[in-house]
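Below is a structure I'd like to ask you about.
As written, the chain order gives the labels A, B, C, D and E, with residue 1 at the start of each chain.
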Amino acid sequence: MDSLTNYLFVSASLFCLGLYGVITRRNAVAVLMGVELILNSANINFVAFARFSGMNMAGHVYALFVIVLAAAEAAVALAIIINIFNNFKTINVDDVSQLRQ
Amino acid sequence: MSNLNSLSYFWPELILTGTVLVAIVADLFYRKEDSFKVAWWVLGGLTLTMAAIRMGGSAVTDLFMGTIALDPFAEFFKVLILLSTVLVILISFKTDELKNYSVGEYFSILAIMAFGLFLMASAIDILMVYLSIEIVSIMSFFLAGYLKKSQLSNEAALKYVLYGAFSSGIMLFGFSILFGLTGSTKFFEIRQALAGLENGANLALIISAVFILAGFGYKISAVPFHFWTPDVYEGSPTTITAYLSIAPKAAGFAMLIRFFNQVMGDGTAMINDSWSALGGLPWPQLMGVLAVATMSLGNLVAIQQNSVKRMLAYSSIAHAGYMMMGLPVMSNQGIYGIMMYLVMYLFMNLGAFFVVIYIQGKTGGESYEDFNGLGWTMPFIGVVMALFMFALTGLPPTAGFIGKFYLFAAVIEAGPQFYWLAFFGALNSVISLYYYVRVVKHMYLRGERSDDVSMPSSNLVTVLLVFLAVPSLVLGVYWEPVANWINQSLVLLSSGM
Amino acid sequence: MITGNIITDFCLLILFLPVVAFAINIFIGKRLPRQGDWVSVGAILITLVLSLSMLMNMFMNWDPNFSHEVQFSWIDLGAFKIELGFWVDNITIVMLVVVALISSMTHIFSLEYMKGDIRYSRYYAYLGLFTFSMNGIVLANNLISMYIFWELVGVSSYLLIGHWFEKNSAANAATKAFLTNRVGDIGFFIGIMLMFTAIGSFNFQDLFSGISQGMISGQLLTLAGVGIFLGAVGKSAQFPLHIWLPDAMEGPTPVSALMHAATMVAAGVYLTVRLFPLFSPEALLIIAYVGGFTALFAATIAVTQNDIKKVLAYSTVSQLGYMILAVGVGNYVAAFFHLLTHAMFKACLFFGSGSVIHAMHHSLHELNDQDTDPQDMRNMGGFKSKLPITYWTMTIATLTIAGVPFFSGFLSKDAILAGTLAFAKHYPQHFLLPLFGFGAAAITAFYMFRLIFMTFHGEVKMPKVFKGIHESPRAMTFPLILLSSLGFFIFYTLPYFNPFSDHGWFTELIQASDSVVKGNPTAEEIYEGIHHAHYPAMALSLLVASFGIGMSILMYMKKKLSADIWAAKMGFLYKLSLNKYFFDENYNRFLYQPVLKLSQAIAFVDWDLYDKYFINGFGRVTKWLSFLTGRIDYEGLDQKLVDGVGRTAQGFGNQLKNVQTGRLQNYMLFALAGVIVIIVMQTI
Amino acid sequence: MNHLLSWIIWLPVIGIVAVVIIPRDKGTLIKQVSAVVTGVQLALTIYLWRIYDGSNGTFQFMESAEWIPSFNISYMLGVDGLSLPMVFLMALLGFLGVFVSWNINKAVKGYFALFLLLNTGIMGVFLSLDFFLFYVFWEVMLLPMYFLIGMWGGPQREYAAIKFFLYTLVGSVLMLIAILALYFTCGKTFDMLVLMETAPIALNGVLWWGMSAIKVIWTLLFIGFAIKVPVFPFHTWLPLAHVEAPTAVSVILAGILLKLGIYGILRINYTMLPDGVFWFAGALAVLGLINVIWGAMCALAQTDLKKLVAYSSINHMGYALLGMAAVIAGSSMGGDNLLAAQAGLNGAVFQMFNHGTISAMLFILVGVIYDRAHHRDIDGFGGLAVKMPIYSGIVALAFFAGLGLPGFSGFISEAMCFIGAFPVFRTIVIISTIGILLNAAYFLWAFQRIFFGELNEKYKDLPEINRMELFTVIPLAVITLFLGIYPRPFLDLISETMNILIDQVVSLGGLVNLM
Amino acid sequence: MADLVFWIVVGVTIVSAAMVVQSKQLLYSAIALLFTFVGVTGLYIFLWADFIAGVQVVVYVGGILVLIIFGIMLTNKITSVNISHTSVQRGIGATVVLGILAGIGFMIINTPWYQVAATEPEQTTETIGRLLMMDYLLPFEVASLLLLGALIGATTLSRKED
């Protein structure tokens, strides 16, 4: 267990699962969840690298910032999603894409 | 430099922060109808910021324990960012899209975004890079979705946010690998560590660099990370589209140059004429391919648009592609070209967008047909729009030509192995002629001379257009001052201090 | 005595007076009294006087080797220089007189003939232009000015043939004449270039000396000679470029007399005469065959023509062929002699035919008859009584052309035939050349008398018309009389008086010079040969002439032999001859039409294929690419393919679809794929 | 006057300012102002012609000023025997063009402003000695041309305008690449005089992708210029643009714009890439041949008179190309035949000038008939010579000049081109002499169909050519005739410059075989 | 023992992450996401990152996840919890992602990672705090501006315009 590569593989799996979620999910919230997985995977990397390079705490700080920004981003994203729903729930649109019609 | 000492070099940003706060507070005191008055506060703050930048001298140092750089290069981009922000704020006075909204926050957010862009231009720490990109992105999301009642705007915001989160996630993963390889977040330490890496780390280096490139590419909308661009550009308020097509792009280029020069390059740029890529990786050719792909795609898709706004959106991708031509040659001349192009592009592109905004207000549309006969009914608008179009095409004697000229010059100077790049660049400017001239065609060749001639309704419009048009033309004839300015700005902080 | 500078001045005057008249008439002619004809007539008469005085001078200062050259620098680029100028020798002077004389006669004749024409002043202007150009050719001392005036002659011919351009046939004939001439001119020009490239000068004397120094020789010289000769083929209507001359008869008859009989068409002969020294033996042989063949070939066509002018036209072609033949066999003095005599009698014949046509025209006009062709000999007959002067002068001219002794034609023709005979004697393999010559002589005698008989003898074909026929006014008969009287041998043999020998001032003053090409016989050798062949040739020529005249008398005067039956007997040949060997038809079918078709095809390729598909193809490909890129960029890979079923089953009616992102995933997928591609590219 | 050349270039800009200021309902005043401005410009060029020292073929009346020192760009002007005739021609056609445009009534202001701008652009190209300046002027021409064709043109004007624009832009961007390549390989300067000295040496032996740099630059430049000439296969913009453009613009197009291509090749390719001349001369001759024959054949098939004249331009430019190719005759490879080189090069330049006057005349005349009959279908007329004797006379004159009749200047130049090229490209020249015949064929055939035959009843009331139109044609006719009879004034003016040019090509080029 | 726990944590993380991206029910995805977050927290603990682990629990589980569930609820009728959602381009998506995974895996194995042995610190919070106040002061302050901006933006967006 005390091997860097183990953590890296976990993080890589998370990263890829996140990517997979992002590119396959049609629901915006689900896409957002995928993004969270990606961010988590990056964080695992940061923390793992910090741990195995002599407790380089810069990695921890980085992870901390990522978590904070992830929260902010999630909030913003959800605000936008909810806003869309609020504004248009009564409008019956067949497809979301008004753009590029 | 230590945090405390750094403060005295940090005046522009501090003023900008103050501006944000003042704007937010001021907004509380205005009723909705008067909310645009916030803009004056912001404008005032931006002016002060500009003054602070000009007074700041030309020190070259790092600030705040090596998180951001203070150098003429950053200063150059800050000036560009400020200029475009000011212009966009002024243009925003004249747009109809924001009429039904309270716009106090709009201006505050613009100011925050400008702040983020400042940081992008000067970040020398991967944490700072990530943070500044996120500030700019998040503010852009809001601005793109500012028209809450417009479905297009909402969609734009949604797509933007998801795409933005996605690409910043990938970039972050790249950063994490880079961190793992080097154990540091600071550019110069990273470079030193990278220089000492074994060959076996090359794959990791490549993967991390490409992932990071995804984040930067997303900001400058380079192929294949450009997909969000057209949707967002079309859905956003046109003022924001104009802004997005310039300021973040400029900052993105600043960041890209800095990163690839200081981290992935040998870090000796701005001393020698050219630098080499780290580990002898074939970055230049790859960048060239991306540049060609970007400009070609932007142009090709722009051709088939029926809306001038969408056309401009796609063509802004193409312009990013032109600017990217300056990257692969890895020389001062290349960066010089990019900077020159950005200056020229600022005026002509903002001008074109402003005309579109104006026409939207007049005719309620933004398709080519809405421009029919415009040259006859609104001669002033027609002339300046034609000028902007020819400038964007890159025909002499307009500013656009000078931009292209310097880029081509950089590519050619780099030697025959890059001639193909110049060739494609040239070919693309021919293609772009087709759709730019289409606007001119609709303005002049369609429609008849009419006696019902109207001039712009307000002086601000006239003044702004003149302010944008005059440089678009004059800089095409005499640009020595700009050239000198860029020459002086071509100094990057090149090692930790 | 006229000395150098005065000769130069005279030549300048002779050259430029007509062009001044041209300028005056073209710009203000219509506003002058009498529409300015007096300007032209005056100018040409002065020219005539000047030329005659030069001729007199030539006689006074008996000098066979007289030569006078002046030139000025026209183009001077350092190395590349062109100098234009005059070269006056006895040939020039004689030719100047011929041109001036015939031209003056034409001017005078036209006073009546063209009276009342709608473009009267322009007609005179063009005559002036022509005289100018012709004199230019005569005086030229170098190839370039020769070529310049050569072309200008073509233009004036174009303008005059097309004088009545309302008639499509005239317009066609004009264009045809110019273009056919240009074909020859191309050869001429190539010849000039070959010469210039080798020798570096255009001047005749330089060319001669250059060739004698061997700066150009062998095949190249032959080629150059043939090229230059091609110019003569065009202008002198030699086979196969003869087709324009008969058509040129669409022009006013005086014009035909002046240009298409006496002077312009003779320019080709004049050219070969002038440049005789530079032709290589091979080139001369080609010249001889072309000339000989043309002489016979055109004669066979003339036999069956019914249009009075067409007969004369083909006769002209035939006679020109004679001259060319003479040049080809080296007897170029004879060629020039024939040129001289031919100018006189053929001009006379044309004026005569003009007189007849004029009379016919008036008569028909009074009858208000638009349909009858005034030039068709089948409508004539018995005009002898009505047009006595015309008849007698034309008869004299006919006798001249037929080669009857005591007339000049006999002398000149005899000289040519003697030359061919001598040539064939020396080179037996070229026995065809004298055959051409004698055959043509026989046929010429035949058809010329046929013309006279059909027109002036026999029964009256159209009595009504006949009634209205009147002799032409004095302005027209005067040239006839003058020119016909110049058909007597005496004018050419003075100071000697021997009707059977051409020995006289002409042969003494105009002496053959040696060819500068190695391998050609010297003038002396040629002269010797001719001298020996003189009597046999004379005998033979008398024989064939009398045979031709006899046949003609039998057939058309005595009607002992029926022309129709003979025509029927000859059948195919008759048809060939009547239709001019179908040259026009075949040219049209195998040359003009294919070229036109080709041009249309090329234009089609250029505009409807190359431009439309290839050039615009770039645009189209760009658009197509743009569409394709747009598709990929918009739609991504077709979602139906990737995940079609699930989407259609579940995609609709979902509350959340507003928040669904659709193609966004495609974009991201592409971006990811791009990342992979880039990584792979970087790693490899 | 110290800044004579600047005055010549910028005078029209003063005119533009005046035209823009004048209220738009005063159309006649605008026209008069334009006439005065171009008239003064013409007077200046005549003065320039008179004081130009023909015995000294180098650049004269040079002006030089700093412009963008950081990129070694300067404002540098000069005139020599190559540019002087073109400058004169432009001034003349610009002046006459104003009168040709006298009946323009749609947006007079814009028209004349653009027309004057075009004038400036073209003058600038001919007079600039700084490569950058040259390029800027080169492109500046495009804009007014686009508008002039697109706004005042015929039914297909939009298509014609954009096609012209795209076509020529392709050429000019390639040219830009070449210019920059020259700049960086030859000592970072745009100064043409310096480049003429350094480029032949600096590029010697430089290989790019295993190919000689000279070839690469030559090709890029050549395509740029060839499109303007236009050399087959880059010619298809021309018929369209000519047909759709208003008369005065066709006049400028045919009279001047086409010459820019050859001017560029002579001024730049020949002086800076003399080795390339030797490499390319054969191809140039072949292209000339193709232009001659192809243009003539296409012209022969046309039914639209203006298109016919347009194709005749392609045909005529072919002769000039042949003449240009002759320059290699002057080298030891070409047999030290200075004669031929002089004849060819002078002939080519003379041909440029002559085609300028002759085709201008032709287009004006086509415009005259189009104004009256409102169509240009050759077969749609007939017998007009009866109704319009003066007009038909002048057309005849122009046609004869066009078909290279001696007595008109076109003959001399064509003959010189042929004579010059003959020693080196014998077969090609012999084949291309067919062009002489085809020339005559298409012109005369067209003439016959329009003016001969019975009068088409439709046109029995067609008015004769008027004084204004006559005024525009006669100067051109006089020049054509005068130079046709006595070409020395012209040739003496250019020959020294041509000698310098030949010397440049022959002494610096052809020394090595290009890779 | 520790190994077993480690692998269990890893298993939970990855399996639940797979469920997040696979589940047809949006709410199930959200719940699976909870387990992922918890798993990641576990990993942080194994990595001696106690502070980060704490923040992870508080912010992710307590904040972001709740936010997401709110989002799901708000955008759907609260009564129907059974929200199905679809996926697109699974096949090709999986291919691409597997490619990336292979690439990263290859990289992980082959790269000579920079490793330095270290002892477990008492706690990380203090060091992190010092770093934040010293080396990363500017990002720290800037982040506050970002949050301010996000706040303003989010309220602007959610505010009902009148």
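Here, a contact is a pair of C-beta atoms (placed from the backbone, for glycine too) under 8 Å apart; a residue touches a chain by one contact, two chains touch by 3 or more.
Being a predicted model, the structure only gives us computed values, none of them experimental.
Q: Out of every possible chain pairing, name the one holding the most C-beta contact pairs.
A: A-E
Q: Could you name the chain whose CA centroid falls nearest to the centroid of all protein CA atoms?
A: Closest to the centre of all protein C-alpha atoms: chain D.
Q: What is the chain whose Cα centroid lies farthest from the Cα centroid of chain E?
A: In terms of C-alpha centroids, the chain at the greatest distance from chain E is C.
Q: Measure off the straight-line distance from the CA centroid of chain B to the CA centroid of chain D, and report it in whole Å.
A: 43
Q: Rounded to the nearest whole Å, what is the centre-to-centre distance of chain A and chain C, using the mean of the C-alpha atoms as each centre?
A: Comparing mean C-alpha positions, chain C is 94 Å from chain A.
Q: Where the centres are mean C-alpha positions, what is the separation of chain B from chain E, in Å?
A: 31
Q: Go ahead and note the Å separation of the Cα centroids belonging to chain C and chain E.
A: Comparing mean C-alpha positions, chain E is 100 Å from chain C.
Q: Residues of chain B touching 2+ other chains?
A: 127, 131, 134, 138, 141-142, 145, 148-149, 158-159, 162, 166, 170, 177, 180, 183, 203, 207, 230, 434
Q: Residues of chain E touching 2+ other chains?
A: Chain E, residues with two or more chain partners: 26, 75, 85-90, 93, 96-97, 100, 103-104, 113-114, 135-136, 139, 143, 146, 150, 153, 157.
Q: For chain C, which residues are shared contacts with two or more other chains?
A: 619, 647, 651, 656, 659-661, 664-666, 668-669, 672-673, 675, 679
Q: On the basis of the stated criterion, which chains touch which? Give every pair.
A: According to the stated criterion, the contacting chain pairs are A-B, A-C, A-E, B-C, B-D, B-E, C-D, C-E.
Q: Going by the contact rule at the top, pick out the chain D residues touching chain B in the complex.
A: Residues 67-71, 106-107, 135-136, 139-140, 142-143, 146-147, 150-151, 157-158, 161-162, 165-166, 169-170, 173-174, 176-177, 180-181, 183-184, 208-209, 213, 216 of chain D touch chain B in their complex.
Q: In the complex, go through chain A and note every residue touching chain C.
A: For chain A paired with chain C, touching residues are 19, 22-29, 31, 81, 84-85, 88-89, 93-97, 100.
Q: Report the residues of chain C in contact with chain B in the complex, numbered from low to high.
A: Touching chain B: residues 619, 622-623, 625-627, 629-630, 633, 659, 661, 664, 666-668, 670-671, 673-675, 678-679, 681-683 of chain C.
Q: Would you mind writing out the residues of chain C in touch with chain E in their complex?
A: 637, 639, 642-643, 646-647, 650-651, 654-656, 659-660, 665-666, 669, 672-673, 675-676, 679
Q: Touching chain C in the complex: which residues of chain D?
A: It comes out as residues 166-167, 233, 236, 239-240, 294, 297-298, 300-302, 337-340, 342-343, 346, 383, 385-386, 393, 400, 405-407, 411-412, 415-416, 418-420, 422-423, 429-430, 433-434, 436-437, 440-441, 444-445, 448, 451-455, 486-488, 491-492, 495, 498-499.
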